[in-house]
């Protein structure tokens, strides 16, 4: 085959030439021109959206809380940077922490887009590059991809272009982590924002690829429910446990089980997002999920230690590094299926199925690496059947007996080492004391609060397997861990956006609360339930994803109902949506982008800045990563931030090292332009941060309501939002908030039922002038009510700037 | 324009269709099939070369020396891993350190390939994608690219395919850094190897792109010499200083200066690899370099503090983070030119040249970001002219006066804080004492040993600007810092390989010593001179690159000659070569690959394992990164390691956290197969490590000779190598090495001059049986001499395995 | 006398700089000497016995920044000047010399902390340690490396005793 | 008496575990008690005054691992059992229970270190601390966190005095 070189060819010259079209498709420039209007930033490079970032960072300052005072990147070091000192390369504490934060963001983004690349290779192999993307009722198949890369993907193959861009940019950013690159914190911040944006493109690619190929629900308004919880697993049956985030290989297991009538004879259950995605597999149209969800990362060690699984299959991300070591103790073979996690196991991908099964069931090998999914599909379920028999025969036990339990609790010397080592400083010592006295309630409480990390055991000078003690004590609770989680639905459809968009933008739907992130909650999983229930009752739209979506399904109200059963699942006020797994988080930003596209008719193609500006000023959405934990959570959050969506983290989130916090007392920072004429408008400080932490759910409740306020609210919307802010503050903090009056532009913004009382306060406490006859505010507010104003932070978008 | 989708098209159907050929070229699969033989690993993914890595790691064990006992990646942490404890995610100290090492490797690889991507975009923009690659007399334009990706690039555009692969893989590796990915250290090690291999592809792309377009020397056997040293800069003229690694923008400055007859009126000088590459620009064919080299990173702060530069232009990599802060103090405007380093400066790329110059010379702005190189080309030299006048008028002074100097040295309270903070623990306090007494020699000595990091100043409780004191005291020495460095020549040509390959493989040229890496020497720069001179006199080929290449040129012998002047520059025994800048390191691995390709006629295309196996067993090369420092050095070294080239680091290199060290006492590890028949052969422990450190040059000398020994040496080669090993050990350690006898297979392996003496030792000390009549060894040796044996570690390469 | 100045063991470290161990009497003296002290309480202060002590300290005339939802414990208290603020915001503002304080009367010069999650307050203090010159004293139950001074790790009983001693000395 | 057990200040830290400060007399006792001590010297030991002490210690019958090029200082000494080895190799082998020692007589149980670059030996010790149970004592002039025990940071004079005291006690 000869090669085409650059040049001008007439097609007739190309007789008898075979062009390998398959590999060309991705390379043909689908110039955005075809798509109509085009924005100025197609595939922006690192500096492409720096102006926008600087606007955000000018108002929302980077606040650093280092996790370590030293830098150990290069061999000039370690350098002590305490007190913002400079290290050997001249970097100071601010710069280094900004860099560290960026590194964590791009690590998260790489996890998602690396996952996407793996999945895409696999799906293109299986379905072909021209397999059409199908994500439900929408004209905007991939809002993030289109906004960032300027291209509309239509086939699997089209997604390669977007991933190629993401990969190129991520490498540019990783290059910046090198010694002697960026010197100023603010430019590391802009780079972190860039990484966050890329993350949403990578996530979107991953999720729409699998939605399209794997018959997952497609913008389904009522996807089925799936069982969740350790209590739902029938341990009498052979149990196959899968752990991770990449469902590619698991689909082969499901198919094999169905083809061989194994579905009823064994349990297939999963931890983390692979579990969520398993339940999405072939449930398009409402089919029953093919597997059960055990729970989140926090259940990994607990589930293994329970001794219930007979075989473990892992893929990638959020898989404990000690799975093999732990499973070995309990005779559970481990199969690794992805080159990101290989555990040093022998590669059996090319070997005979019988040989593999034989080596594993005989115990000659602890586990195997199988990169061939068809082989995996057969080996895993068959091995599970075999191991179940063997393990039952051998009487493999895991948790301590009653007797051992008593010995263990009395062995505790109450040195508190476990508590000080525990990420959450849980009162283990007191629970030991109580248990010794026969009271297991303290341990049952710990079971929920415990993130299952096992550091307590590493710290214990008496070698007490603390986690086993907790789990043993909580057997009753665990047996009742039976909940429901709604299967992930993917995107929000165009009709839904069309209907609900106006309410969101005008503020009559008070806001969107998106609960994402990991299960590293400061005070147990029930808090999620409290947040969601409170906000749903107040008609907020609540979006869930990933670990949060799972944990929310673990709690039942007094009627035995989970919130998924209690609330409907449309994109509509008072509805509760599970978008899906970790990579489905892209649909949350996508929803905001689609509001701009569909409701406001903004061009999104290559038009990041305008859309982010729109979202920041008009879409009342707040992200919550209450159990913030992994690097992915930092990249998801940062991607939201660049798009103008504020995010609240739980207290552990302070360990991301940096927040983005505004200063309401800096008056000059709270201004926007009116796009109609370029005039400056005062706005209240909302959102008052892009990334911050809260200590408790009670503290966060009013923060949620307050930070759904946007400059563009009409008076009905502002009134509703302010009402919730005031009510939540009074309910959870017991006080009227200090700054409630700052959100009042006119008397119509005031909560209807309390208008008179609040007008009085405005007069007496804040010196505003009130016309009591008309019950109107005469003077006082700093921001004006002008429903037709078009708030923007971007000068070029103003008509007469 | 309509889109071509996947499918089969007959060309005649495509009437009236315009195909955008330009963007297709890169995508057309140049299947390696066309290139003749193809190896099994075209574009290997993470697990693609795992078997090979495991072979290496089985013999060369990963040895961890953590820089920190904690992990602070995620918000479950910080976790204390001391004593190989497990953290919250289950990772232990080994796993975490392997991960940390891998992260540093891919950071280095990203710096190089990110640099390559930037450069390639720029050069394609300027020269077109079909611009032919020209690297000198060779049929293998890009050995690393061809070996790894299975493709032979011929044009600039072809390089994009290789970079795309590198970027995809680097993102896969960064994904593995995420919490909950790889759990076992050994697989992180294999991933690190992968990153190192990718690095050499990325470097090669970068360097051959610039060699081709920028008229750099092309495998030149005698490139010109360039001036080097702070003493060569005429500070009376306006001085423009460039810092970094990416010469793209600087070429525009050079062109502008020439076009406007500024060359004689001002000094253009550079620090780090940008400086080296400046001297390569348009010196193809022997032209005089267009600029001077100041020196390495270690000179950055010193050069700025000297007050000599009038304007500073920075690009990327190894640029101190405090350049802007330091330059501000001395009224030197700073221009950033690359989005990897922007220092928070306003983007003036779109602004008028006059406005930019005006804002900078008036001091209204400290600096500017200019991403438009044409504009940069004009602004930088013009501004330099202006600033020179202004700064002279204002009498900007930098270093302390005599009086201030005396005050400063007497202010010292000798608390030793500076010494303990100094990366090298230099005796600053004693030098202060001596200086107080009028003796500056101690400071002059420090000036060479000091890496110019400035940590001493951060530590000083008395706020003494220690570095200024050192520099002031060393003015006499600095004025004499005038050396020569040979301009980087790029690749080794095919004819050179053809001629010298046989000597190298048979061992009659005792070995290649490749001195790479940064200027973080444990005992000053002169050590480099000592190594090179010693090995050159012994007929080793010495290859230099990057910072080492520069520092070597700073030393003159008693005749006032640098080694570059003393030794010729062919690829031939006893020759001294500078391949070029940091990215030119790829030519060192390329030389080894080419020996396999040209001398041994091995197919290299997609054939990594076989080539690495060849190099490990037959090519006696040792890398030295004596000043190991940046993350790039770790990736360069690791890329060498995977290819079977051992690397020795200076003591600071221990802070890379891990070494790869063999255990000579584990006898079963020192065996290879004979490819002729698959039989096992005993080999001596050489190379006995892939990565280790040495404390001093004296210690390293015999290590160099010993680790050039290869199983394939014929008896002449072995004799020569052993002679050097023994001589160097006796010369530098004073002893006959303990293990010299292990390298003896027959009496012909013994150094000729000492055969009898050594035979006696073999008999008396080691119990070997000697036939004294024939002066032959009868029994004793563990490895056999068989010159036609074909040592290999790869079973499949054996004829009858 | 409750000796809370011992057991400064850290389970992980931020770097070489660590809070000094301190005693109730010393803390009392420092508060006396401070011009603008601020008592920053977290939600864990709502535990009954701790709350009583916190209220008592507040009643000595030290303004209270009630973080988390701790303000609930101070609403109906006479003589207590307490305001809600998010601790991460507070940490940010405290590094800003332009901040007017909770009452617009200017910056604080001494921060006393009680009732916070250890890992959380240690992070907030990491910011203050690195980016301000503010003196911070944690009188909570766990040693926090990033404060200027801190009580050591203690049992709840010893801790309450120490707080009582502090109150007596104010 | 030279008090080298003070000034354990670290300028950067590896983590919460740190070498105990120690005194010459204690070191002497530990060497006495050890079954297989090994005296590991680095190239800085070649400085004249230090070398004299190192030789004196070696002559007390402790086998010497001479790292760097320090072997030069022990070649012609009687009663000294010194062998060259690279310190990074030595650190590796010491973590391997299968290693036979420099003389094939088995593993060591106590490592005494002198004359190394601080940053380098601290790294090697980091490996031993994390991956072996070996006791290590640095009697060099700088406090090294990663040893089991270490002299503190001292002046050269005090350091020599301490070494003399150690020799006297052996």
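The chains carry the letters A, B, C and D, assigned in the order they are written, with residues numbered from 1 in each.
FYI, contacts are C-beta pairs under 8 Å (C-beta built on N, C-alpha and C of every residue); 3 or more make two chains touch, one makes a residue touch a chain.
Which protein is which chain? UniProt says A, B = Acetyl-CoA decarbonylase/synthase complex subunit alpha; C, D = Acetyl-CoA decarbonylase/synthase complex subunit epsilon.
Everything numeric in this text was worked out from a predicted model, so none of it was measured.
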{"item": "Chain whose Cα centroid lies at the greatest distance from that of chain C", "value": "B"}
{"item": "Centre-to-centre distance between chain D and chain C (centres being mean Cα positions), rounded to whole Å", "value": "45"}
{"item": "Geometric centre distance via CA averages, chain D-chain B, whole Å", "value": "34"}
{"item": "For chain A paired with chain B, centre-to-centre distance based on mean C-alpha positions, whole Å", "value": "40"}
{"item": "Where chain A touches two or more other chains at once, by residue number", "value": "67-68, 70, 77-80, 421, 423, 652, 654-655"}
{"item": "Where chain D touches two or more other chains at once, by residue number", "value": "9, 11-13, 15-16"}
{"item": "Category of the chain touch graph - line, ring, star, complete, other", "value": "complete"}
{"item": "Chain B partner contacts - residues on chain D that touch it in the complex", "value": "9, 11, 14-17, 42-43, 67-69, 71-72, 75, 83-84, 86-89, 91-93, 95-96, 98-100, 116-120, 123-124, 126-127, 129-131, 142, 153"}
{"item": "Residue ranges of chain B touching chain C (in the complex, touch as defined)", "value": "70, 77-80"}
{"item": "Chain A contact footprint on chain D (complex, rising order)", "value": "11-13"}
{"item": "Residues of chain A that touch chain C when the two form their complex", "value": "61, 63-70, 80-84, 93-94, 416-417, 420-421, 423-425, 459, 522, 651-652, 654-655, 659, 661, 663, 665-666, 689, 692-696, 698-699, 703, 732-735, 737-738"}
